[in-house]
Amino acid sequence: MATEPANPEADASATAPSAACIKFDQVVKRFGSNTVLDHLDFSVDRGERVTLIGPSGSGKTTILRLLMTLEKVNDGVIWVDDEPFSHMRTPGGQLRPANEKHLSAIRRKIGMVFQQFNLFPNMRVLQNITEAPIHVLGQDRAKAEARARELLEMVGLGDRADAHPSQLSGGQQQRVAIARALAMDPEILLLDEVTSALDPELVADVLNVLRDVARETDITMLIVTHEMQFARDVSHRVLMFDHGRIVESGPPDQIFGNPTEERTQRFLRAVLEER
Amino acid sequence: MDTFFHQLDLVLPRFWSGVWLTVEATLLGGALAFVLSFVLGLMLRSETLVLRGLARFVVEFFRGTSIFVQLFFLFYALPGLGFQLAPLFCGVLAFGLNYGAYGAEIVRGSINSIPAPQWEAGVALNMTAGQRMRRVILPQAWARMIPQFTNLLIQLLKDTPLLSLILMADVTYVMQQVRQASGNSIAAYGLVLLVYLVLAYLLTLIMNLLEMQAKAKLGEGRGVRGLFTARTAPGGAGSPGGEGVVGP
Amino acid sequence: MNWSAMGDAFPSVIAAFFKVTLVSTVVGTAVAAALGLVWAILGRSRTRWVTVPVKVVVEFIRSTPLMIQLFALWVLLGSLPTEVIGIAMLGIHFSTYMSEVYRAGIDAVPRGQWEAATALSLPRSHTWRAVILPQAVRNVLPGLGNYAIAMFKYTPFLSVIGVGEMVRTAQDYGSNHFEYPPVFTLCGLIFLAASYPTSLAMRKLEKRLGH
């Protein structure tokens, strides 16, 4: 579906190093006649933690799914580490839609945690975590398992390595999913409403694990969440979305404490009343 | 009744070899059907139109023409075209092709029933398409296939009396002879029904074991009770077996 | 090989198809659909003295081969015409499958419907007739249709007790003229031509009814 980039003269040769780790350049995404992202421009710096907020259907999750290559752009270019992501360079310096090999190479930098955890039910907890390091990265089993146990300790589930996912609570499953994503040593971690499917009393454990990750690593994070306090705690920057466009952007204290846009104020009021 | 048991006693070794032939044809036909189910089922999901079209044609052809006709064609008609196959081979081939066609829909349906997020999680971990299928999707789909395969296997078992019509000495054939010699038709047919009841029960038990094992891998153990649950007929409203309905 | 035998055999084969094969399928389906409903309703009886024997009989018929059942019924009711015996056994055999379709279809009617009927003090028989079954019908139609098609493909089994259905007719022609390949090909084509469009229609019906 991907067409020519919006700016054909996009200087594929000019790779002047920038701080931008992720860059959306005039990205358009449509589902049928419904335009979810409308010529979206934004970038995320290396090590930056950015939270996307906004009403459901505003295109936040689509941004994460595009980055994870679960969807394809209709127009525009996504850049990761100054490499075109949705597209690849031809020898002539032009950009053309990426093939599977290119996607796989660049996907290696990115990890994702899903709303519904999506653990593999046919594997026990430990194997869920070691599966990709062993079979995708080619790590040897002993090393992968040692690292997996370390990560399980970190998320507070050191004793559940041999459990089936179905024997865990939602919160525990989500923490395993976080460990699974981290085991791939991603540069970028995408968190897609990771607490939305959880019972309220299980939310805190998951968020605390993520706070630890934020504090102890310099992984770039792109977060979609309805947990405003968490967003305020961990993110460097908050983007308010509506109808596929960024309505307002700024540091969390400003967005949550003193939003300038009427749309943002209305959204935050609605979220607070819901609590 | 005494004549019946006397006559049965006379042919007892042949009776047991008849039972064994029935079992043999069921297992061999089932094995061929199993392999074809996966080959055709995966072809049905292929992105290549030619492969998909070919599989669709084969599946509809063997589901649309009766097993009875298929077997008779292989046994009676093929020699007329210059191919003489051994009777057992005819039987195994007919069972394998017919039930393989039904099994293909089971394989396709079970794979399609695994939720898309499982594939997506595989993408997020940067697995190749082959790894996603082999290591994530198939092990889960397998657990869903087994009960449906159990139904097919029992249906196949119940079609094996057809072997007696192509002059093979299966249990039905042997008991027809006992029936004629003893004059006791009710006892003869009753015994055949009993043999099939026992075989169906044993096969169900074995398949239930497989199912339990597959479910245990997914952490969904039902315990030993699951072993003795009766088969349910496929094709209930909304059940995925709706299209896989074969018949007796 | 003389493929023109296909044309020569066609009139008698197609006649047997309409007179025996199709009639057996239609009548057999009616018997199976009626009897299957009886099994399903009896299976929901409140006393075990009804549900257990019904379950045993249904399970027995379902787990044993149609062909042997045909022989057995033929021996038991030898005085009746073989067509009658064949259709009856087809109907009985497939009724055990259809009862499962009914059971699932009835289960799919929400519990609240039973409770509402109880709240209105409707008698049980009236609840079945006026509330449950009308709602279950749409759930069961595709399932019953699929079994009707399956039954169609099992009509050749009637030939084992001497019913002159289509395949038997073709076989007789084939053995008289030493022409098996064309006549069995003809049978296969007729089966395919009749069953494939019907199963497509069933799939469409299934989609329309939202399964």
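So that you can tell them apart, the chains are marked A, B and C in the order they are listed, and the count of residues begins at 1 in each.
One rule holds in what follows: a contact is a pair of C-beta atoms (placed from the backbone, for glycine too) under 8 Å apart; a residue touches a chain by one contact, two chains touch by 3 or more.
Worth saying up front: this structure is predicted, and the values here are computed from it rather than measured.
Of all chains, the one whose CA centroid is most distant from that of subunit C is A.
Legend note: the chain whose CA centroid lies nearest the centroid of all displayed protein CA atoms is B. Per-pair tallies of C-beta contacts place B-C first.
If you average the CA atoms of subunit A and of subunit B, the two centres end up 46 Å from each other.
Work out the mean CA point of subunit B and of subunit C, and you get 20 Å between them. Inter-chain centre distance (subunit A to subunit C, centres taken as mean C-alpha positions): 55 Å.
Listed in rising order, the residues of subunit A touching subunit B in the complex are 68-70, 100, 104, 107-108, 110-112, 114, 116, 118-122, 131-132, 135-136, 163-167, 180-181, 184. Taken in their complex, subunit C has these residues touching subunit B: 1, 59-60, 62-69, 71-72, 75-76, 93-94, 96-97, 99-101, 103-105, 108, 139-140, 142-143, 146-147, 149-151, 153-157, 160, 167, 171, 174, 178-181, 183-185, 187-188, 191-192, 195-196, 199, 203, 206, 211. For subunit B in complex with subunit C, the touching residues are 60-61, 63-70, 72-73, 76-81, 154, 157-162, 165, 172, 185-186, 189-190, 192-193, 196-197, 200-201, 230-233, 235-239, 242-243, 245-248. On the side of subunit B, the complex with subunit A involves touching residues 117-118, 120-121, 123-129, 131, 135-136, 139-140, 217-220.
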